[in-house]
Structures are given as structure tokens and as C-alpha cells.
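Scrolling down, you'll hit the structures one after another.
What follows is a pair of complexes built around subunit A, which joins subunit B in one and subunit C in the other.
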Partner chain A sequence: MVNPSLLIAVPLAFAFSIPLFGLVSKKIGKYIPVVALLINVGISFILIPQILKKPAVVSIGGWSPPFCINLVVGPLGVFLVTLISSIGLLVAIYAISYIKEEPTEKYHMLFLLLITGATGIVLTGDIFNLFVFFEILCISSYALVAYNKDKEGTEAAMKYLIQGSVGSSFVLIGIALLYGMFGTLNMADIASRVTSADPTFLFISLAFLITGFGIEAAVFPLNAWLPDAHSSAPSSISAILSGIAIKTGVYGVARMIYTIFNADGILTFIAFLGLLTLLIGEMSAFRQNDIKRLLAYSSIGQIGLIVFALGIATSLGVFAGLFQIVSHALAKALLFLAAGYMIYRVGSKSIDSLSGLGRKMPLTSFAFTIGSFSLIGLPPFAGFISKFSIVYAAIQVKKPIFLVFVVIALIATVIEAGYFFKVVQNLYFKEGKNVDNVTETSGYIIVPMIILVISIIVIGIHPQFITGLLKGAAGELLGRTGYIGWVLGGS
Partner chain B sequence: MQLITILIVAFLGAGIVYLIGKISGKARDILAVLASLIVVILVSLAYNQKIYTSFYPLPFLNLSLTLRIDPLSWFFAIAVAGIGFLSILFSLEYMKHYQKLDFYYSMMLFVNAGMLGVVLSADFLSLYIFWEIMSWSTYLLISYKGGKAVGAGLKYIVMSTVGSIAMLFAIVSLYTSYGTLEFSSLASLLQTASSGYILFLLIMFIIGFGIKNAIWPLHTWLPDAHAEAVSPFSAVLSGILVRIGIYGFVLVMYSIVGLNLLHKLGYGLLNFNYILCWIGAISIIIGTFIALLQDDDKRLLAWHAIGQGGYMILGISFGTTLGIAGGIFHTLNHCIYIALLFLVTGAVEYRTGGVRDLNQLGGLIKKMPVTFIGGLIGISGLIGIPLTNGFVSKWLIYKTLIMEKHPFLAFVALIGTWGTILSVYKFLHNIFLGQLPEKYKDVKEVPWAMRLPMIILTSVIILFGILPGIPLNVISGIERSFGIKPLSTIIFGMPREIGELNIINILAAIVVAGVFIYLIFSLSTRSRRVNQYDNYAAGSFIPKDKYQYSVRFYDPVYRIIGPYLRDVVDDFYYWLVEKSKSFFQGVRQIYTGNVNTYALYILLFLAFLIITKIGWGLW
Partner chain C sequence: MRRIVSIIILIIIAVGFIFAFSKIPFGKDKINVANYYIKKGIKQTGAVNIVTSVVLNYRGFDTLGEVTVLFIAAVGLGAVLFVERKIQKNMDDKEDKTKRASLILRTGSRLLFPLILLFGAYIFVHGHLTPGGGFQGGAIIASGFLLMYLAFPKQRINKKTSGLAESLSGLIFVGIGLLGLVFSGYFLTNFLPKGIPNTLFSAGIIPIIYIAIGFKVGFELTGIIDDLLERSR
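Let's look at the complex of A and B:
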């Protein structure tokens, strides 16, 4: 069996090797993330069948848990790692020719660090280690948001930094409280002893952790950084931030609530919060004329839908939420990549200026269309299956409150459909003004988009490719005793 | 297997046509026609068969997608395939001057495939999937022309999405309650459901199907969409796509819920069928009278599509043998004549350079005789003149209204017909009769590829008008499959025991009257033929271009009824959209751009969580 710790070690090592390679040749740097993530994708695909049979617990330093930092690679972990490295790989390929502004090796290094952070978050079994990886992710994304060195990006990064730091310190306070109560940092160990603590203290710690991770997860009202950050970052980074980074925040919240604290009481509130996030995201997106801002607000909406689904807390609900993570990651990454290159060609972020691109950039526009159709939830694309599952899961719990929630969520879908269909029409059916000299993208740019389009359609038509993995992952989140058992043995 | 083949041919055809189009335009055109023709053949081969196949399992939802063919689905499938084929044939010439033809043909086939999927589905999930595919491809095709069409397309898809979510809600709720989505199992399982639940289901499905079928007050997308789409697609849109809504109504009301349950819905006068038939009646009045006010020929037809939809609803809402037969038959008839009329307007547009304004046309009868005949027969069908198909179905609907003792509704339907006559006469007159404007002097008849579909549709109107027994026989089969007493038919109409209708008698009467009129005319003095421009009004000579008496045809009528016929519902929707837009703008102000506020939000959130816990022990 491949050692899962390689998943973290490989991107980390390659990240720091980039400046070294830079001494040899300036050109090498941009290929290194591709190589590193190719390895990661390979490892994670090898791991999937093995992990589904038997989850792996890797102890680092030879001590057995709970006395060491350990990695817990369950179905959920391996699922998220696969997603992270696949999307990361595609974005890395895109970035080869997309990132032109110097110093590119810094971009590629930070990018790999971001991936390392995200991978670490979903794999680690130690809560302080989780915090460390979380910081790696956040700090590299602060830097990457400001990568273009323009006023907008710097301001957005600054705002993101301030809010992110508040979040990180809250996470740290939450962890400190836990450590004070239990004297251990191992998540499984805390989880197994969580009933012994004073529920009020316990909840205060949970509140800090939810708020802290909630900021990265972009749950309303903690998501004010997102529209700025996602829209002013370079598009490849927006794709990563929307596709992956915010999901690690969701993972953090879910892991805390489900596995560590077993806080069932708060789940309905979380679902409500998700719904609120969904509504506010979609409403804010509706009037946007800046394509990247529109996509950023739509990410808020989609994250709301994911959180809502996870808050349903049945195995189908969690399954649907995880499915939505996949379909949103694919679609939103695709949308940002496509929009990024359209913006690059046209030179403006306003939706009006994208008119008529359907003829000039047929493949890119087609990719954009597929992405938005999938996000709206139209068959036969991936988003349909996930949205259908969410609606099904929510109605299946047979609680009146969830029926109301579903109706509201479906209304939000109408709003979403309204603005996405408008953009698609803009691309194809409106006369362009200054697009005569625009040409189609080429080479490295188009490959990731095509792959994303194909995977959206394939998953939409044949969801069974991933349902097994997702079922396992949902089982891991809901079965906390199982998780404790893997790590601490016995049970 | 047969059904899967149909769908595979339909969908693959759409894809291949697009790819071939990149290589050669000619090959694409031929292939598009062939693909739609093969679908017609495959569907007709399935006549009178009963097939049920499960074609795709979705194990994680414990569902599988299924297809079926029964009389109802065959009836609609053949209409879809037929109209699809004819409009693609018509497109060959009509679309020549348009751009992006690869997209156009591929989407036409795709919409057809989607519709076929809808009518062949045997469970609600497949139905929903194909329904959505149909909806988004329709949206792409409506927007195709650009310009105003973009707004029309957006309006369509937003309303359609509202319908879809209502339907989705009902479908998922059915699945959670009964654990299956197959029509046949649901039909028996639902018999034990409470009337409240049935009512909820019906309302949700009526929103879903009703938006497609454009019943009042869900109709507002239709006039824009029909008018702005390219004419061959308007024919598909108005002829059959909209009527998939009727398919849905019939399916849910009679195939699944069933008559027994339907009759139990309601208290006294306020029962379900009654409300539905009033919705139908309102649609008739609104549709036909707003049509009267239109000056744009396609918009005029579009409003009739709403009005005639009302007749269908009126027919099917009663649930009697005659009524259902009338409703379904009218659906088919409408599909034929409205498709024909849209093709006629398309032909006129084609030759006059896209003119749709009725006030600018006129006198084309001699220039485009085939098109004129098409228009004449088309409007005769629309009005319901004997010897055309519309007569028989309207006769059935009237008969139902009278037999069910709804004289008032019958009166409404009659007024509707009166409005129809006025408005379609204007349609025919302003295009083909009256004075030929100077600029259209060199107009020629349309090419054969456009004539052929019109001729076929015209003949079918006459055929079904004289021999209504052919389609009615299939409709009896549909009724039998619902477990309703089937309509007994003879080839020329209906036998005596259910109220005789024999077209032969009518034919004989008309022939006699015709001969009589001919005799009178030939005995009277010969009329003198004058040049078209040889006109005088009140003794003074009128310049050639000024004289067109059909301009502002119904001006006095407009002045009387115009003020009452504003489309209030549409105004209301616009008001709603505007209000929501400004509300959304307000919501967006949450993101002030000031990082201090954001930090405050975070703190407040944390404080909220902790205070609710400590203060009330909420969590």
C-alpha cells in the first residue's frame, strides 16, 4: 500500500524545490505543480479501492495514537484528496500558460503550498495539525489573491487577511479550550471522551471552531471576504479557492460537528444557515455585471446549498451534500477557468463585454455553458443528480421545517437560473461590440476545460462512478464510533 | 429495445448533425431531414404496441429509468415526430440566410428528442429529466435569433424553471411517500391517498405542465417566445411543444390519479374539474381577444395558441368520454393547423424580407397561391369550419359542455370562436387579400421544400376533417387504456347512439349549397373584371399605395375592448421582477465593503451562538 503521507509530502517538497529549480531555469517552475499533482492524483486513485476496503491510519514518528500526529485516511479523506488533487492538477495545467506576471515561480510555489494545506486539512487526525494546515492554506491564499499586485487585489487580500486571521485565532481558541478540557489533541481521542466534559464549555469551544472554520467555509454572515477575494484573484486561483479552498472550511465545520462534538442539536440551525447563505448568495449574484463577482456570489450560494444538505444529517443528505461538493467543484472551476480566459482575451470583466464570444471562442463559451447548466442543476449534467438528491434528502426527513427549507432552496434555484441563463444568452445570442480580434484559447488552456466538461457530463450521465465513494464518505461522517475505532483501535 | 432505439436515434442524430455541419452544410441538411424521418418511421412502427422497458438503473437512489409506449404516448410521439420532420423540411430553404445553422438543426433535433423522451417515459424521473432537457434546448432555440428573442428566451426559461421546480417538488414527494415513480404502480398506490395530498400533487403538476401549456395566468412567456422564434421552430413550439403540457395534464389526471379520485376533490360547486374548466374558459377569452388586437401575424397566432389551449383544457377537465376525446383530438388538430399557420407566416416572411406587420402586407393571394390555400385551410381549422379537423374536436367539446349542463361555459366557448373568426379573418385578409403593395410586385411562391410541408399539413387538416374516424379511433384506444368508456366511432364521425356526427351528411349539404350558389351566380349577369389598382373611393381617385382598406382593420373594436384587454398578469410579473431586483440590490448591501462591519458580523455570529446556548440552552 502506498503511504498516504506522500500525499502531503510530495506537494510540500515540490513546492520548496521550485525556487531551487528556478536557479537552473526560469521555465521549469511552471511544470513542477503539474508533476507534483500528477503524482498525487495517481496516489489517490490507487488509494481509493484500498481505503474503501479498510481505512488507513498513519502514525508519524512511530508512536501510536493518541500520542502522536497521525493521518486518518478514511473514505471521506480519500474522496476529498482525490477531488483536491484532480482539480489542482487541472488548474495547474491551466496556469502553465495563464500565469504570465512575474515572479511566476512564487505563484507556483504558493499554489502548491495551498494544495498541501488543503490536502493536510482533510487527512490529518490531529486537531492542532489541522490548524497548522489550515494556516498554510489561508496564508498562501492571502498571498495569491494579491498576486496581480493591483489595487483591487491588494485590498481584497487585506480584507481577506483580516477576516481570515480572526477566523484562525478563533480556531486556535477553540482548540485551546478543547486541549484544556481533555488534555489531548487527537481528534478521535477527543471525540471518544467528549461526553465527559461540561456541555457549556464544550459548546463554547464548538462555537469558536464553527465560527473560525465558518469564515473559510464562507457561511453567512462570515463570508464577506469571499466576493472580493474570489473576484480579484487571478482566475486560476479563483477556481481553486471556489472549487476547493472553501470546501475545506466546510469539511472543518462538518468534522467538528459530526465527528468530534456529535452536536446533533445544532444541525437544523446549520441547515438554516446554509439556506440563508444560499439565498443571500444567489440574490447578490443576480444583479452583478462583473462576471467574476457573479461567479463568486454564486459560490456563496452553492456553498450554502452544500451546508444545507450536510445539515439534513441523514445518510442521503450527507451523500447529497458531498455530491454537491463534487459537482460544484467541477462546475465552478470550469466557470472560473473559462471566464478567466474570456476576460484575458476581451480585457474587461463586465458581462456586457463578453457578448458575442460564442462565435469567437466557441470551445470556451461551450465550456462556460456546460458549467452554468450544471450549476443550475439541469440534466444530463452532474449538478442535476446532486440537486435532485438534496431535494430528495430534504423531503425524505419528513419534518415540516425542511419542507419549507426545500421550497426556499428551490426558489433560490430560480434566481440562479435567471442570472446564469442571462450570461449564456450574452455569450451566444447578442451582438459583440469589440470582439472582432478575439481568438480561441489554445493548448494548455483548453485541455483542463475539456476534461472538466467531460467529467461533468460523464458524472451526470453515469453517477455510479462516484456514488460508491460518496456513500462511504457519508458513512464516515455519520459514523463517528467507526472513526474513533479506526484510530484508537478496538471499539 | 425499440423505444431505446428511437431515443438513441433522436439524440445521436442531433449530435451527429452538429458535427457533420462542421464539414459540409449540404450533408448536414440531408442528414437532419433523414434523422427526423427515421424517427417518424420508427414511431409509426410502434403503433398499437405495448412496450415497457427499464433502460437505466440508478442504484444509489434505488430507482431505474423506464420507457413505455401505450396509446397515449404513441399519439403524442407521432405528433412530435411528424411536426418535427415537417418543420425541419421547411427549414431547409427558410433558414438558408441564417447563421449558426449547425447549432440550429442540431437543437431542433435535440428538442424533438427531448419531447419524445417526455412522452415515452414510464416514470416521473425520466419524464423530469427529458422535460428539463426539452426546456433548456427550447430556451436556446428561442433565443437563437438574437435581438428581442433574447428577452423572450429568458422569460421563457425563468417561467419554465418555476414550473420545473413545482414539478420536482411533487415528484420527490411522491417518491418519498410511495417509494416508486413508475406511472403504473403510482396509479394503483395513489388510490388510497388522501384528497388533500392528491390536490397538492395536482396543483404542483398543473403549475409545471400549465406553464408549458400556457394556461392563464401562466401564459405570459408564450406570445414573446412564439413571435421571436424563427418560424419553423414557432411551428414546433406552438404545435407540439406547448401541448406536451396537455399530455402532462391527461397523464396525471386520467392515467395516474384517475376519475374516481378526481370526482372526490372539492366541496359542492367548488370542485377541481370546475375550477380547471374555468381556467380554460378564461384562457379562451383572454387568448382570442388579445389576439384580435395584434398587428404582428406571429403574435396573433401565439395568442390563439393560448386561447385554443383553453379549449383543450375545457375538454379534458370534464372527464367524460366525449370531453376527453374532444380535448385530446383538439390538441392534435391544433398541432396541425397552428403548425401550418406558422409555416405560412414563415413563407410570407421568407418572400417579403421578414415582414410580420399585418398592416404592411396584403394582396399576396395571386403571388403565393399555395401559401394562401394553406392559410385559408389553416384558419378554417382554427375556427372550426366543417370539413376541417377543428370542427370535429370543437363539436365534441361543445357537446360535452351542453351535455354536462354548462350553458354558460358553452357560451364562453362560442364567444371565443367568434373572436377567433374576427381575428383570423384579419390574418388571412391582411396578408393575402386586399391590395398588393407596390413593393411586393415581384414576390414569388416559396420553393418546393417549403411548399411540401404546407401541402401535407393542409391535406391532413382536410383528411381529418372528412374522416375524423381515423384519429378518433386512436383516441378511443387512449380512453380504453385509462379505463374510461371509450368513444365509439365510425370513419365519418360518431354513430347515432352518442349523438350522431356524420361528416358525409355535412359534405352533402355543402355540395348542394355550393351547386346552388354556383347556379345563382352563373345565371346572374357577368361581373366585369377590373385592374387591381383601378379604385375609386367616394368618387375620388386614390393613389396606388395609399389604398389598403384593411389597415387598422378593427379600429372601432379596439377602442371598445382594448382597455379591458391589457395583459394584467404580465404586468404583474414585471412588477414582481422589478421589486425583487431592487430587493436583491438591497440584500447585496449586506456586503458593505467595509472590513470593520465584516469583523462585526463575525463577532456577532459568535456571540449569538454562545448567548443562545448559555441564555436559553438552545443547542
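Let's look at the complex of A and C:
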């Protein structure tokens, strides 16, 4: 079996070596993330069938857990790693010709390290190691948000930096409390001991951890940083932040609640928070005139929907939430990549200036349309299946409160459809003003968009390609005794 | 209004904090993992400094992560503070307003600089024997460079060489980890002979990693100082 620690070691080694490749030729740097992530995608696809048969616990350093750091590669881990490396790979291909502003070498290093951080977060089985990778992810995204070096980007990065650091400190305090109580940092080991501790103590440490991860996940009311950061970063980075980075925050919250603390009591509250986030995100998105801000607010809404689905806490609900993670990652990455190049060609972020691009940039506009239709949840795209499963799962709970929730979620979807149709209508049915010289994209820019469009349609028509993996992943989240058993053996 | 709300939130956090800490039974011998390190650390890793055995062997992966965090901070700062070469040349043409450092500072730092470097190197080479290690040694080396920057503001380190040293030492760390994977099937295993405890050549891969970290941290912190200085001119 391929050792899963390579998933972290390979991109790390490539990221460190970019300056050395720079000695040979300045042009090699931009291809390095593509190579590294291609290897990662390969490894994760090899791992999927093996992990579905038998989850792997990989020790780092050769000692047995809990005395060393270990990776826990279960269905959830391998699913998220596959998603992270695939989206990362596509965005890396896009960035080959999209990123022109110097110092590109540093951009590619930071980008690769961001992906490494996300990979580490979803694979590690050690709570402090989780924090370290979380920091890798966050700090590289602070720097990348400010990469354009304009006033807007710097301000957004500063906001993100301050709120993100508060979040990280909260996570660290939570970890410190747990370590003080249980004397171990291994997540499975902590999970096996939580029943022995005082419930109020557990609630306080859980509150610290959820608040910390909640800031990265941008759950209301912790989402103030997101619209600025996602809209003023370079578009390739917006795609990664919206597609991948906020999902790792959600993963952190889910891992804490389900696996470590087994906190069933707060799940309805979490579902409610998710719903609130959904409603607020979609309503704010509706009022935006700036296309990237619109997409950023829509990400907040979608995260709300994912959190809501995870809060349903039936196996169907968690399954639907994970499906929504896939369909949102694909659609939002596609939307940001398409919008990024339209903005590059038109020179303005306002929605009005994109009028008439449907004829000038047919492929890019088509990609944008597919992405937005999938996000709204129209058949036959991936978003339809995930949204439908969420609604179905919520109705199946058979609690009156969840019926109210479903109605609110559907209203939010209508709002979402409203603003996306507005943009699409702008693209196709309005006369453009200054778009005469605009031409279609080519080469490295169009390839990832086409791949994303195809995967959205294929997953929409044949969801069985991923349902097996997603069911396993949902089972991992809901079956904490299984998780503890993998790591500590026995029982 | 805003102030009152934030004070209330702070009070809630503080109360939660105090309550949570009051529940932790401090000082009781309940920490399995730590006891394991204390009892078996020297035998299993060959490092007499138990902190080092934990940092670089049992939890070496965290250290790799921390090194990466520092690397990101340095690279990110470089990216954000990056100025186009053209502007910089204009700046050089202008009259440099920085004052010349005093004679005492210049002479003193010339004398101290090699000693500081030597001390830093001593700290990271002996990381497995005495308190300290790669991070501390690297920070000491960077402080030596900071002293030189204060004394001779116009002189610069060679950014290219320091960048290469940074990547190379990072690669050595990951490479040693991968060699462990090759030789014994686990990433970052201590695959070299442990040697006799308390001697310089003991503890297998630990001193090698610490030397790499020492160089990496030293150059990274120096690079950060250099970036900040370049921008402030």
C-alpha cells in the first residue's frame, strides 16, 4: 500500500524545492504545484479502494499511538484528500497563466503549502498536529489574500489575519484544556476518555474549539472576514479559499462534535446556526453588485447549508452534507475561475460590466452558467442531488422544527436562484457596452473549467460514482467507537 | 454600547476559563504519555534532552509543521512586501538618510558577530544534549545578523544564497523523513544508530535535523529582518 504520509511529504518537499528549481529556470516554478498535486491526486485515487476495505492508521516516527503522531486515513479523510488535491490541481493549472504579478515563485510556494495544510488537517489523528496544519493553512491564506498588494487586498488580509488569529488562539486554548484534563493529544485517546470528565468542563472546551474552527468555517456570527478576503484575493485563491479552506473549518467542527466530544445535545443548535448562516449569506449576496463579493456571500450561504445538513445527524443528513461539500467545491471553484477571467478581460468587477459576455466569451460564460445552475440545485447537475438529499434528510427526521427549517432553506434557495439568474441574464441577454475587444480564454485557463463542468454534469447524472465513498465517510463521522477502535486497537 | 457588549463577552469567556481550569487536577500523576516519554525517552531515542526527544522524535511531525509555519511567514512577508526592482533603484539613487552607526557599535559588532554565530551553532549542534535546539540556535544566529544590520545598515545579505540555504535545509528535513519511510516503513523514523547517550554523535537523526532547522530558522529570521529593512527605506 502507498504510505499516506506521502500525501503530506510530497507537496511539502516540492514547495521547499521551488527556489532550487528557480536556479535552473525561472519558468519551472509555476509547473511545480501541478506536478506535486498530480502525484497527490494519483495517490489518493489509489488509496480510495484500499481505505474503503480497511481504514489505515499510519504512525509517524514508528511508535504506537498515542505516543507518537499518527495519521488516521478513514473514508472521510481519503474523500476530503481526494477533493482537496483534485480542486488544488485544477486551480494550479489555471494559475500557470493567470498569475502574472511578481513574485510568482512565492505565490506558487504559498499555494502549495496551503494545500499541504488542508491535506494535513483532514488526515491527522492528533489534535495538536491538527492545530499546526490549521496554522499552515491559515497563515498561507493570509499572505495570499494580500498577494495583489492593492489597498483592498491588504485591508482584507489584515481583517482576516486578526480574526483568524483569534480563532487559532481559541482552538489552542481548547486543546490546552483538553491536554490538561486528559494528558494526551491523540484524538481517539481523548475521545475514549471524555465520558470521565465533568460535563461543564467539556462544554467549555468544546465551545472554545467550535468558535475557533467556526471562524475559519465562517459560520454566522463569525463570518465578518470572509466577503472581503474572498473577493479581494486573486481569483485562483478565492476559488481555493471558497472551495477548500472553509470546508476544513467545517471538518474541524464536525470532527470535534461527532468524534471527540460525542455532543449530540448541541446538534440542533448547530443546525439552527447553519440555517441562520444560510439565510444571511443568501440575503446579503442578493444585494451585491460586485461579482466576486456576490460569490463570496453565496459561499457563506452554502457553508450554512452544509453545517445545517451535518447538524441533522442522521446518516442520510451527514451524507447529504458531505455531498453538498463536493458539489459546492466544484461549482464555486468553477464560478470563481470563470468570473476571475471575465474580470481580467473586462477590467471591472461589477456585474453590469459583464453584460454581453455570453457572445464574446461563450465557453467561459457557459462554464459560469453551469456552475451557478448547479449551485442553485437545478437538475441534472451535482447540486440538485445534494440539495435534494438535504431536504429529504431533514424531512425524514420527523421533528416539527426541522420542517420549519426546510421551509426556510427552500426560501433561501429561491433567493439564491434570484441573484444567479440575474447574473446569467446579464451575460446572455443584455447588450454589452465596452466588450468589443474581449476575446475568449485559451490554453491553461480553459482546461480546468472544462474539467469542472464535466465533473459537475457527470456527478449529477451518475451520483453512484461517489456515493459509496460518501456513505463510508458519513459512517466514520457517526461511528466514533469505530474510529477509536482503529487507532487504539481492540474494543 | 459596543464597549459594554465586548466587556460582557470578555467576562463570559473569563468565567468559562476560570471554571474550566479549576476542574483540571493539576499536579496529579495522570499523564500516561508524559510518563512514557520520561521513562523510555533516552533508551528509545538516544537523546538525553527529553524535550528534544519529544520534539524531534515522538512528535517530529509537529516540528516539521512548525518549521513550515515559519517558512510560510517568511515567504509570505517577502511576497507582501515585494517591491519591483525599478522602484528600488530609484530609492538607491536618492540620498540615503540612514545615519552611520557609532564607532563603538561598529567595532563591537564586528568583534561579537563571529562569536554569536559560533554560540548559535553550538546551541543547535548540542540540541540533543543540552537545553536548546534548532529554533533557539537559529534565533541566536539571526540576532547576530540583526546586530550587523544595525551597525552597517547599507550592507545586505545575499538574498539568493540565503533563500537557497532555506530551501535546502527544509528539503533535508523532509528528505530524512522520507529516508525513514524507505528504511523502516514510517515517515520520520530514527533509522540511524542511536549511539552512546551523552556523546555528541548520538541520537541518530536528531542532530542532523536540528542542524538543518538551525540553518533554516537562522536564514528565515534574517530574511524577515532584511525584508522589513528594505521596505522601511
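To be clear about the criterion, the second predicted complex is superposed on the first by the 491 of 491 C-alpha atoms of A that agree within 3 Å, B and C clash if a C-alpha of one lies under 4 Å from a C-alpha of the other, contacts with A are read in each partner's own complex, and residues count from 1 in each chain.
The criterion applied here is as follows: a contact is a pair of C-beta atoms (placed from the backbone, for glycine too) under 8 Å apart; a residue touches a chain by one contact, two chains touch by 3 or more.
As the structure is a prediction and not an experimental result, all values here were calculated from the model.
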item: Subunit B versus subunit C as contact partner of A:Ser17, first or second or both or neither; value: second
item: Which superposed partner A:Thr441 touches (first subunit B, second subunit C, both, neither); value: neither
item: Partner chain in contact with A:Phe388 - subunit B first, subunit C second, else both or neither; value: first
item: Which of subunit B and subunit C A:Thr248 touches, first, second, both or neither; value: neither
item: First, second, both or neither for A:Thr200, with subunit B first and subunit C second; value: both
item: Which superposed partner A:Ser59 touches (first subunit B, second subunit C, both, neither); value: second
item: Touched partner set for A:Pro103, first subunit B, second subunit C, both or neither; value: second
item: Contacts of A:Leu222 with subunit B and subunit C, given as first, second, both or neither; value: first
item: Partner chain(s) touched by A:Tyr142 [first = subunit B, second = subunit C, both, neither]; value: second
item: Intersection of subunit A interface sets (partners subunit B, subunit C); value: 200, 204, 207-208
item: Residue ranges of subunit A touching subunit B (in the complex, touch as defined); value: 158-159, 162-163, 166-167, 170, 200, 203-204, 207-208, 210-211, 214-215, 221-222, 224-225, 227-228, 263, 265-266, 269, 280, 283-284, 286-287, 319, 359, 373, 376, 378-380, 384, 388-389, 391-392, 395-396, 398, 406-407, 410-411, 413-415, 417-418, 421-422, 425, 428-431, 463-464, 467, 471
item: List of subunit C residues in touch with subunit A within their complex; value: 16-17, 19-21, 23-24, 26, 30-34, 36-37, 44, 57-62, 64-66, 68-69, 71-73, 75-80, 82, 84, 163-164, 166-168, 170-171, 174-175, 177-178, 180-181, 184-190
item: Touching residues on subunit A, where the partner in the complex is subunit C; value: 3, 5-6, 9, 12-13, 16-20, 23, 58-63, 66-69, 102-103, 106-107, 109-110, 113, 116, 120, 126, 128-129, 132-133, 135-136, 139-140, 142-144, 146-147, 149, 154, 157, 173, 177, 180-181, 183-186, 197-198, 200-201, 204-205, 207-208
item: Residue numbers on subunit B that touch subunit A, as the complex places them; value: 58-61, 100, 128-129, 132-133, 136, 139-140, 143-146, 149-150, 153-154, 157-158, 161-162, 165, 168-169, 172-173, 175-176, 581, 583-585, 587-588, 590-591, 593, 595, 597-599, 601-602, 604-606, 609-610, 613-614, 618-619
